[in-house]
Each structure stands twice: as structure tokens, then as C-alpha cells.
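Listed below are the structures to be examined.
In the two complexes that follow, subunit A is the common piece, with subunit B as its partner first and subunit C second.
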Partner chain A sequence: MFKKIDFDKLKNEGLENVPMKERRDFLKMGLALTGIFAGGTIFSAVSSFDRVFASTEEFKEKYPYKPHYAMVIYQNRCIDCERCIEACAETNKVPEGGYRTRILEHDAPDAIGQQREFIPVLCNQCNIPQCTRVCPTKATYKNPTNGIVMMNITKCIGCLTCQQACPYNARYFNEEKKAVDKCNFCFDTRLSKGESLTGCAAACPAGCRNFGDLSDPSSMVYRTVHQIEKTVWVMRPEAGTKPNVFYTRG
Partner chain B sequence: MKNYIINPMTAAILALSLLLAGAAVGQEHGGDIVYSKPLKSVTFSHKVHVEDKGLICDMCHARTFEMKALSAQENGDFKMQALYDGKYCGACHNGTMAFASNSRCATCHTGVKGYKTQPGEQAAASAH
Partner chain C sequence: MSNGTSTSSISLNAIESAIVGRLKAAGIGFYALLAIFGLLAVLATAAGIHAMIAGHEHYYNVTREISWGVLISTYVFFVVTSTGLCLVSSIGHVFGVQDFMPIAKRSVFLSIATILSGFFVIAFEIKIPWRMAIYNVISPNLTSNIWWMGTLYGIYLAFMFAEFVFLNLNWHKPAVACGFSGSVAGIAAHSNLGAVFGLLMGREFWHGPYMPIYFIASAMMTGCSVILLFHIIGYKINGEKMKPDMQRALEVTSKIGILLICVILFFTTWKMISGLAGHPAGKYEAVMALIKGEYALNFWLFEIGMGMVFPLILFYLSRGRNLNMMLIGAVSMIVGIFVMRYDLVIVGQIVPVFHELGVNEYKHNLSYFPSLYEWVITLGGFGITAFLFLLGEKLFDGHKVEEH
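For the complex of A and B:
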């Protein structure tokens, strides 16, 4: 007969010496290690199912919006064909010189293999937006249903404080509207008319821009943000704005 | 809009440098070919393929690509799927001879930004 082990009395020897690979292997099984006991012969673990990895911890229990619109961008798939920019300009009547989305270029001449990368950027529809916080007239606001950061152009006085506050440089002054304009995930032009994708995501020929509902476990964006095998990141996390535009490669 | 993107200046300098370096270095070639269909843009560098990698003309010409620059993009099937099927660039870019066509996208896809840096385009832009 085995001697009965009193698990409560075992001393946790700490995870410091558990190799990272082993911890990751457990994570892939859906278990997060919490301790090792009895000279490393016993592991304790808790389920990591439903844990959110790229999104922020405070939103893991429940996403604050329904639908909680988000975009996952496969950075390595962008080829700067700029069909997204064209589609955006056409859909949202973005004038020449203005932009709701742009493609950044990153050159790495010393890199092995591919030495160039294109990075699509747009409004991150932050969970904690800085722009809405600083707007003196509440012309820009977070939609309470779907979380999209929207503009009420009749209230905008063109002070451009929001532009200063935005860490993503996602806002421009639209001379025709005489107001600041920005990406709203095509809410007025497409989503509210029954379309499921933004103009840019629909126009992307490379599967780079993926749009969906982060609160829906069957959506591609949910499945990407909640896995650990591929790194998922956000732009400028230090700004603390909790973006809803995620980046990955693959 | 101009579609041919062989910069005469580049070609001239290249030809001159080749002459100076002697015929042993390589052969005359077509410089950068920038495809703009079906989307902007893809840059094929003769310099990389001929001078750096040492390919000779008839490895690609005229079976895979005609001698006339940009004739491939007039074909309706000049798309990624054709490359995956071993046509065009995919004849070599299959993962064994050269990096696979479904990898390192932005190596060849220089995009609208790459297209705008072409000398012909720059002249057109400054004329506006």
C-alpha cells in the first residue's frame, strides 16, 4: 500500500527551476503550473482554459461590450497593396491627404531572409481611450454597446486635443466635415447596414486584416487572442489604453 | 500610367560597370522589373537573380517568362495560386530551389510604397 500523502502539508519548492519549455508544454495542455513538491516529483497545476493571453486580465471574465469588435492583423501577410486604404477612402469618403488607416513600413536590412515588413495601422478602438477622455465637448465617445470610439461631428470644435492624446496617430482633421475624422470600424457605412466586415477587412486579398467579435468564442479573433502557441501583441501597450487591434504573424 | 519600370539610368550605369568589371562578372540584364497587376506592386530584381545568385538568362527566359518585360502580368492567371502550382516565379520559389512562394511575402511584394519609389513614378508625381 502507498503511504497517504498529505498534500496540504507539502512544501512548495517554487517554480524557479522548472524549465520554461516544460511550463509551456503544460500550458498547451491547458494547465498552468502553480508549484512543485517532494523534490520535483509532484506538480500542482490549475486549468488555464479560458484564460486570456493577449487581451488584458481585467477583461478575461467578461468583455465589456457585445459585440466587442476587434481586429487581428497578421503582420507578415501585409504586402502594402493598399486596397484597404482605397476601400476605406471609398466607403468612408476619406479625402485626399486624410486617412483612417495607413500602412507603415519597417525595413531591417540586416535581417536574415525577409528584410521588409508592412504594418497596417488604424484606430485601436481602445478600451481605455485617451481621446475621449480629453475631448472637451464629448464629441468623441465610446459607444456603450459595441465599444467603437465614435465621432459626433456636430459637437467637434476642431481643437485637435484628441489628436494629441491618441498614442496611435489615428485621427486627422477632415476639412470637408470641419471636424476630426477617424476609423469607426465602418460602423455607419457597413456594420449598421448588416455587413459583417469592415471595408478594409473585406478588401484585403492576403487575409491580413481579420475583423470579428472578441466576445464570441467561435470567432477567429477570439480564438487568436486566447491561444498561446503564437505570440499576439498590441501596439504601444505602455500607453495603457487596452487596444482592441491585435497583431500576430503566421 | 507608365508600366515599364526599367530605369534607363540604372541600366546604363549597370552596363558600364559590367564593361569595366569585365565580362566574367555577368551578363547584361533587365534591372528591376516592377509588376503592378493584379496589384501594386511586385519587384523582380535581375541584379539579385543574375549577379548575386548567378542564374543564367535561359533558366527563366523564354519558357517561364518571355523576354519582353511585364508580359507575364497581362495573363489572367498571374496570381499567387499559379505560383503555388509551379508557374511563373513558383517554378523555382517552391521551398526547395528557393524560398517558397507562400513565405516572406514582403521580400518580393514591395507594395504601393515600392511602386512610388520607381523613377518613372517619381517623375510622374512631380509633374502633378
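For the complex of A and C:
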């Protein structure tokens, strides 16, 4: 049915003969499949370019929220001063033993040059949040205007399924509120009162945490995510949550 | 009632005197046991209320990362048992297989007792249970498996209760209708419980379609062991000789038990292999914790040994006739299944969500061991099942089934 091809006997045509268009497509495919090597950890099996839907014209028009709040974290700028954590706790009255944001520490003793880095983590305000799907009483929900994942504490039954569902360990049970608590980009404590930054972003002395509107072309967040020259990644892309907290270096 | 007389001729006085008579006829041992199990339930209630008022964080060992502890796994154990009792017993009184008829009443009664025990335990696990009663109704989230599970188990309980009443009134048709509806609600509720775990994207040990399917199969396996245990004990308590039709019912139950143990062994084998092949991130670490890590004793001795292999051998050797052998097998199986549920819930959480990030904080598996309060509430759940079982044996005169 098919003509047999003896590959051993085929002549090598050489790369110089491959048309420019095909070479470009092939390189693109490589870019998408190679993944991003970040501090010894493969964060993503595919380029974050695809994962976050950044940079494409169609998506700019389709941003589901206005403003579409997001945060870009310059991972290499974090010096673990923990001012963000303190500011968060103070602003949002986070009790002892709980946290809405924290800084993780990554040691790479065999790395050349820098051998330690700090990774700030917080709620990723996912576009497809797992926590809101599993909540039996809609106590946690995605704000339809700005996309922030919020809590209605009076409805929380404390089943903690949202804690199980969150791939980022961003939730904890607040005994004082008698409800699960989480980062809401300081919506009730700052944004709704006219502030433009979250408590942690305002407190960061190193320019590590950058907060802004992903749908606003003049925002730094927009400009960082909508480019392909520098790698931008998200945490646990395999969980399919489409986070709004992005990581990069620079 | 179950003495076979026409229901219309039974007056309330007659029922009352029959019940008082049965209770008075019970020995001191019966009352001692009843008191012990009742006390367990009271202690558990006190512990649960105290923890609720003083703050769960001081009395339970659950953490931010391992937020579901032994109370969740005990809840799962009880509802698995209840669903299993309902499904196995429905083979007879709903689907008409004569051999299973004699076990109907006691099994339906126990399915109610076990689900009540499950609700009892979960009430002390959920932080603010009274909000559930309100907002489950006025703010339902239809994408939530927890919501469906809770709602469907509520419906299930109502059907099982109605079925039990009809069975005792010898109203065959409504009993069958309720039994069938209860089975459907039970399967829907129970597979939703599996989906509570199975649909969590970030939890690799649980994620996938395996859980809802496994939950149903393992419920039936559990149902067989519990039917054997309580029927054999029931006859010992009442000091009666087992009739041939009851012996036959237990024989076929043990055979179904053998089949279902094989099914779960098969499921478990592939679950473990799928966690090893290709070292799937997050799942591999959890499976290794079971195979040769900190949960290896739980897995090999309790889950595989006591939960499946040992009862399989005993059921086989008993040929369905040696009641003592079957009783030992059933007890061993129930202990093993309790640990099976514990491992299922806890091991699914021990691998930190940021494990793959390689950060110092989450390099190792997380640990959890239940606190005294958690154990007391767990035992209270068992106390309630045992208390209701004992009471039921006297109140309903050994749950005798008359010919329809």
C-alpha cells in the first residue's frame, strides 16, 4: 500500500536546504516544548507563552475582567526581608500562625554562582480557580468585575475543601474570623479605598512584587507579560488554574 | 412489627408492651455493653463540643497542609460502610435474589446506624456545622461535589429510614421502591464522595476517575464484612440458632465478599503500579510512602494483610459455613478497611503542593498523627454504631424477616 522508505540509503539534504518558513516553525515548536529551566526546576512542560495566553491580540480583547488584577514577581529581586509578609499581616489582620503570603527558600548548593533564591508565594487569583468550584456554599467566589478570588465569611462552613483544592497552599482557617482566609489583593483593605497597590507590593523595597492591571497596556504588569523576549512563568501550570501571578527574572 | 401479625391489628399499647418486654428480657451483660458504648458517644460529644468552643486548632492535630485528618477518614469509613450495607442487602430485597432476603432488615437498620455515626463524626470535624445547614440550602454550589454528596446523603438517609419502616410493616412494594431509590441515591452520593477527592487537580494521589469507581466497589466489599460481623454477633447476642435460610444468606455474602476483595486487590495493584510507572510527580512520593515509607506498616499489614488477604483466606476456608472463621475474617477486614480509609485520606495530603519546586520548606513529606480528642471522637462514632446495633437487636427482636 505504501512505498517503503529505506532511511539509511537516503541522502542527507542538509539544513541549508530547509526553507526559512519551516525552520522558523520548527524552532517555535522547540520553544514551546522544551520547557523553562528555572533554578534547577522545570516549572512548565510548555512555554508560559502558551500557558498564560499572553501577547496574543485575541486575548487582549477577551480579558474577562476590568481591571484584570495581576502580579508579576521578579524572583531574583527578592531578598527575603519579609516586609511584604509583615505589611500583609498588618493590613489584613492576619493572626499569629496564619499567613496570606510567604517567601519560600530554594537552595542549590551545586549551582554555579548564586546558590540561593527566594520565591514569594500568594494566592494566584486563578482564572479557573479550583477553590471556588469545590466550595459547597459559594463562600468563596470569583469577583465578576476584577477577577479576585474572594471570601464571603458568613457562608464558610469550614469544611476546608478549598484548602485541599488549592494547588498553592494559599488558604488557611482563620480562627478569629471563623472562616477560611486568603489573599484578596487587599481589595477590602486598600484597593476599594483608592489605593493602587496591594500592601505587599507597596512594602517591597526591591521591586520584586509588581501589582497592576493585566488588561491595561500602560501597566508594567501588562508590558512584562505581553512579550516573548524574557521568560515569564506561572506556578504549577499542570494544575490548569490559569494563574494571575506571574514570575520572571530581571 | 416483625412478629408477623397484621399491622392493622397492632395497637400502640401492644407495641409498647412488646418493646418493654424485650428490653426487660435482656441480660446484665447487654446493659453493661449498652452503657459502655453510650458512654463512648457521650465522651465524644463532650470532646467535640469542647474542641468546637475552645478552638479546633488547640485540640486537633490537623494543619494548614494536612487539613483533613482521622475524622474525615472515619466519616468516609462510616459512609462507605453504610452505602455498602445498602447495596449488598438490596441484592435481595430490591432485586429479588432470594438468598439475600434474610439479611435485609438488619442491614438496612445498620446502614442507618452507620451513616448517623458518619454524620456525628463529620459534625465535629467541620468547623462551623450550623452554617452548613443554612447555606447548603440557600446558597448551593452545583459544581461542588461536597454539596452533592451532602444533599444526596440526606436524601439517601430519608429513603433508608422509610425503607426500614416499610420492611417492618411488611409493606413490600413501598419497601422495594424506597430500597431502590435509596440505592440510587447512595451510589450517587458515594461516587460524589469519591469525586470530592478525585476531582482535585492539584492532588495527584487522588486525582482522576479512579476514586468514584473505587469508592463504590470498596463500599460493597465493606458491606459484606459488616453484614457478616453484625449478623453473626446478632445471633450470639440473642442466643438463637441460625435458620438454614440465614446461614445460606451469610454463605452467599461471604462469597460476594471474596469476589469484592479480589476486585479491590486488582484495583489496588493498578493504583500502585500507576503511581510507580514513570515516577509521576506527587503521586510517586505518596505511593512510595505506602510501599516502603512511613505508611508501609499501614499498607502491608492492615490494608493488604488484615483488610484483604487474611479475610480472603478465612472466607475461603470457611466455605461460608464456619461462622467463627467468618467472624474473625470480618473483624480483621473491618480493622483493615478503617486503616485503608485513613491512608487514603492522609497519604493524599502528605506530599506538599510545592514539592516539585524543590524549596527547603517542602522537601520532605508532611506528617500527621491524630490527637487524643480526634481519637475520642472517632471511638464515639463506633460507640454510636454499636449502641444502635445493640438497641436494635432488642427493639426489633433480632430483625427477623418473615416471608413476603
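Throughout what follows, the second predicted complex is superposed on the first by the 189 of 250 C-alpha atoms of A that agree within 3 Å, B and C clash if a C-alpha of one lies under 4 Å from a C-alpha of the other, contacts with A are read in each partner's own complex, and residues count from 1 in each chain.
One rule holds for everything that comes next: a contact is a pair of C-beta atoms (placed from the backbone, for glycine too) under 8 Å apart; a residue touches a chain by one contact, two chains touch by 3 or more.
This structure is a prediction, so every number in the text was calculated from the model and none was measured.
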Self-check item: Fit-or-clash call for subunit B and subunit C when the two complexes are aligned on subunit A
Solution: fit
Quiz prompt | Dominant contact partner of subunit A by residue count, subunit C or subunit B | solution = C
Quiz prompt | subunit B versus subunit C as contact partner of A:Glu105, first or second or both or neither | solution = both
Quiz item: Touch check for A:Pro243: first (subunit B), second (subunit C), both, or neither?
Solution: neither
Quiz item: Which partner does A:Ala206 contact after superposing on A: first (subunit B), second (subunit C), both, neither?
Solution: first
Quiz item: Which partner does A:Asn76 reach: the first (subunit B), the second (subunit C), both, or neither?
Solution: first
Practice problem: Go through the superposed model and pick first if A:Lys178 touches only subunit B, second if only subunit C, both, or neither. | Solution: second
Exercise. Examine A:Gly158 and indicate which partner it touches, taking first as subunit B and second as subunit C; both and neither are also allowed.
Key: second
Self-check item: Gap in Å between nearest CA atoms once subunit C and subunit B share a frame through chain A
Solution: 11
Practice problem: Would you please give the residues of subunit A that touch subunit B in one complex and also touch subunit C in the other complex? | Solution: 105
Quiz item: For subunit A, which residues count as touching subunit C in their complex?
Solution: 39-41, 97-98, 104-108, 119, 121, 130, 133-139, 154-161, 163-169, 172-173, 175, 178-179, 235-236, 239-241
Exercise. Going by the contact rule at the top, pick out the subunit C residues touching subunit A in the complex.
Key: 55-57, 64-65, 67-68, 126-129, 131-132, 135-136, 139-141, 143-147, 150, 196, 199-203, 349, 352-354, 356-362
Practice problem: Under the touch definition given earlier, write down the residues of subunit B that touch subunit A in their complex. | Solution: 39-40, 99, 104-107, 109-114
Self-check item: subunit A residues touching subunit B - in the complex, by the definition given at the top
Solution: 76-83, 103, 105, 113-118, 205-206
